[in-house]
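Per-chain residue numbering starts at 1, and chain names A, B, C and D are given in the order in which the chains are listed.
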Amino acid sequence: MTLVLHDLPADVQSAVAAARQRVSDLHAELPRNGLVVWTAGNVSERVAGADLFVIKPSGVSYDELSPESMVVCTLEGEKIADGTPEHLKPSSDTAAHAYVYRHMEYVGGVVHTHSTYAVAWATVGEPIPCVTTMAADEFGGEIPIGPFAIIGDDSIGQGVVETLRDSRSPAVLMQNHGPFTIGRDAKAAVKAAVMVEEVARSVTIARQLGTPIDIPGDTIAALNDRYQNVYGQ
Amino acid sequence: MTLVLHDLPADVQSAVAAARQRVSDLHAELPRNGLVVWTAGNVSERVAGADLFVIKPSGVSYDELSPESMVVCTLEGEKIADGTPEHLKPSSDTAAHAYVYRHMEYVGGVVHTHSTYAVAWATVGEPIPCVTTMAADEFGGEIPIGPFAIIGDDSIGQGVVETLRDSRSPAVLMQNHGPFTIGRDAKAAVKAAVMVEEVARSVTIARQLGTPIDIPGDTIAALNDRYQNVYGQ
Amino acid sequence: MTLVLHDLPADVQSAVAAARQRVSDLHAELPRNGLVVWTAGNVSERVAGADLFVIKPSGVSYDELSPESMVVCTLEGEKIADGTPEHLKPSSDTAAHAYVYRHMEYVGGVVHTHSTYAVAWATVGEPIPCVTTMAADEFGGEIPIGPFAIIGDDSIGQGVVETLRDSRSPAVLMQNHGPFTIGRDAKAAVKAAVMVEEVARSVTIARQLGTPIDIPGDTIAALNDRYQNVYGQ
Amino acid sequence: MTLVLHDLPADVQSAVAAARQRVSDLHAELPRNGLVVWTAGNVSERVAGADLFVIKPSGVSYDELSPESMVVCTLEGEKIADGTPEHLKPSSDTAAHAYVYRHMEYVGGVVHTHSTYAVAWATVGEPIPCVTTMAADEFGGEIPIGPFAIIGDDSIGQGVVETLRDSRSPAVLMQNHGPFTIGRDAKAAVKAAVMVEEVARSVTIARQLGTPIDIPGDTIAALNDRYQNVYGQ
């Protein structure tokens, strides 16, 4: 039996509408921050109070997106009826997003990009060491590498979940592929996607200049704790 | 005898107008994606149902282009009469585009740029290895190097056709020169031009970090097949 | 006893308003010059004729800033009452800015960023050598490295002041962290922040090409003296 | 005796106005093409039919420029009376521009920038080899290095003229400093400034990948001749 959007309770329909607006708006941050070319990146957000999430439609360019074109899916990654214009399929990465929402209940947002420097680290299969205060603040340690996994089943989602479950980092670099990031909502996951590329870039350049200086592990932990709990409004 | 645009059948004139609009619009993607400086790149598209294609005028800057300024040419690369304002010559790369259309009938669009990282690989004469899933999706293998060829006769066109004829890749890096890309239409060729630069960039950076991990050949083939046949709407 | 903005003399209130306008406007230069991602950078300016300065609110994005949202602080880094909307905290770097204003009375503006190339030099802990005329003009010598210091007390401010007190350079690279710059006003400090990234970038690339040629010390001093005293209107 | 603008013949005043408009507009190309930060670059153009040229005012930001703020100078680099608002001084590089106009009568435009990659080559003192067809087209050989010269007298202008007099290249990299480019008018000199940075960038990256393949000298000469005489409208 397929779920139908306009049969859902009014508060869920309202939460869907709000999530669609946010996710549509947040996609503009991907090209704006230089994280994507063409259509190669996507944002999703869990719908509060329902087993649903909203995600980018597949292969649509960023400046053609609107709240109405965001696809509504179940946590199994199935598009619900009346959840978007009939002709739009959800992102080809929907199964990976859905797997994360099913297995990490505190995650409210997921982002996937192929941002250039993060992809480079993913391609050599090396975690990005935590050698800047920005990295300590946001990631609380190295940015880990996930397994090489092929699109088409749950293997990407599994790789993301298994790598991030025991990590302070909200970002994983899937080998030869690119970063997936998570957050309490879509905005936090987008921020992590922005930060993983910036950290990848600065550490790449540091390596070209010489040997990055280590930051002690307990200092990293203290910076991360402070940033996650004190920073911002 | 020179072809005259307004003597052609109405449906061909209509197809010419549509192609001019698309090709004019698509040129905006070149500077937007950082693929060109000054006037150093051009897009063309075959006119459906006629032995014609439309291409950028030579030496005109991207923000001065309009559908009306796109030049209409025969498959021999000759500008047709009444096909554009009298004072505009077609791109200096017209002969290469024309050669591709004459010899690869399934090609509907051609793009040439001097995008920075792709030019760098072309200058050392080394194919870009297929070490990212993005590269596997779009190119299905390494991005090959074409011969060094001089502008002025058919040698560039021949080099493009001979290199791409037996390749899954829609892009070739002409040695010391830059990329040519092909597609079923101009938009697909522009997408390939965007992707070749992005892949060139990420693999360059991966090399600076260490040794890129190979993706097995059959996995590359599977990713490419899926992407070309399933992705998008 | 907390200072209250609308109890201050009229000329101070007017100076606060002018500083807020300038500091709000100058924040736009940070993303425009590619110095920041997300909210990772801040500008402050001393208020003429008062022991106050204005600074960015914490964690607010650059395109949401307005003169009204700039936070007014004492030189001890305490937000004054009625100095901004109640819900806004000053930048998490406020203590460092305040320390600089207390200890360097000729400083009227302070900027902190995590600009990419400057962070890379900070991460290897190496001063940027003065090998371009632009660097000689703006910095009058190498751009020095400051100590590794943790946010939360005066140690960052101390590191900035101790490093810059005896230097011609208006910029210091705090180890593993990023640049702090100073100036006679906020605009001058922003200019130094722009220049430190540009110099970091060009010298990084020069190193990749070969060995930068030294500029003799007396020539550096002469260029710096001329630029600081003759250039501009 | 100081020249006064409104005492000049009507056709010269008209040529001055046209040059001011062009030079003001062309300055927008410098930030647009990523060639400058802050105010670090300038364009000038010779006035047809008079021993005058117009140039950027010193230290004014690019988005505050207007035709009226362009400074009119004699070929000795002296600002003429009534040639601009009283408070604006010409660019601090005016003496170098003036020297070029006095000694190279076929030069109608001069541009100076500190574009990043060109500065890097200037800093290691190595000419940029001609290994791409774009470089052959525009520069007709390597882009030469000029002497290290200090601002304040004619030594920069002399270095530019002596280096370019016997070169096909319209660009010279002044050691530890940056590029100066020349052209038949200001637009051609701006184009050369754009191209020198692009060539510097692609050859830097090629070097990181391996060994650039040489282009034979007679092929370079043929490409350059064709491009200078056939390309464009």
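In the analysis below, contacts are C-beta pairs under 8 Å (C-beta built on N, C-alpha and C of every residue); 3 or more make two chains touch, one makes a residue touch a chain.
Protein names from UniProt, one per chain: A, B, C, D = L-ribulose-5-phosphate 4-epimerase.
Just so it is clear, the structure is predicted and the values come from calculations on it, not from any experiment.
Given that chain A and chain B are copies and touch, would you call their interface same or different according to whether over half of its residue numbers are shared?
Chain A and chain B contact each other through largely non-matching residue numbers.
Farthest from chain B by Cα centre, which chain is it? Let me know.
It is C whose centre lies farthest from that of chain B.
Just curious, how far off is chain C from chain A if you go by their C-alpha centres, in Å?
A distance of 32 Å separates the two centres.
Could you state the distance in Å from the CA-based centre of chain A to that of chain D?
Here chain A and chain D have centroids separated by 46 Å.
Find every residue in chain D that makes contact with two or more other chains and list them.
Correct list: 208.
If I apply the definition of touch given earlier, which pairs of chains qualify?
A-B, A-C, B-D, C-D
If we count contacts the way the header does, which residues on chain A are in touch with chain C in the complex?
33, 131-134, 191, 194-195, 198, 201-203, 205-206, 208-213, 215, 219, 222-223, 226, 230-233
Which of the residues in chain D come into contact with chain C in the complex?
Spelled out, the residues of chain D in touch with chain C are 37-40, 57-60, 87-89, 92, 114, 116-117, 119-126, 148, 150-152, 175-178, 204, 207-208.
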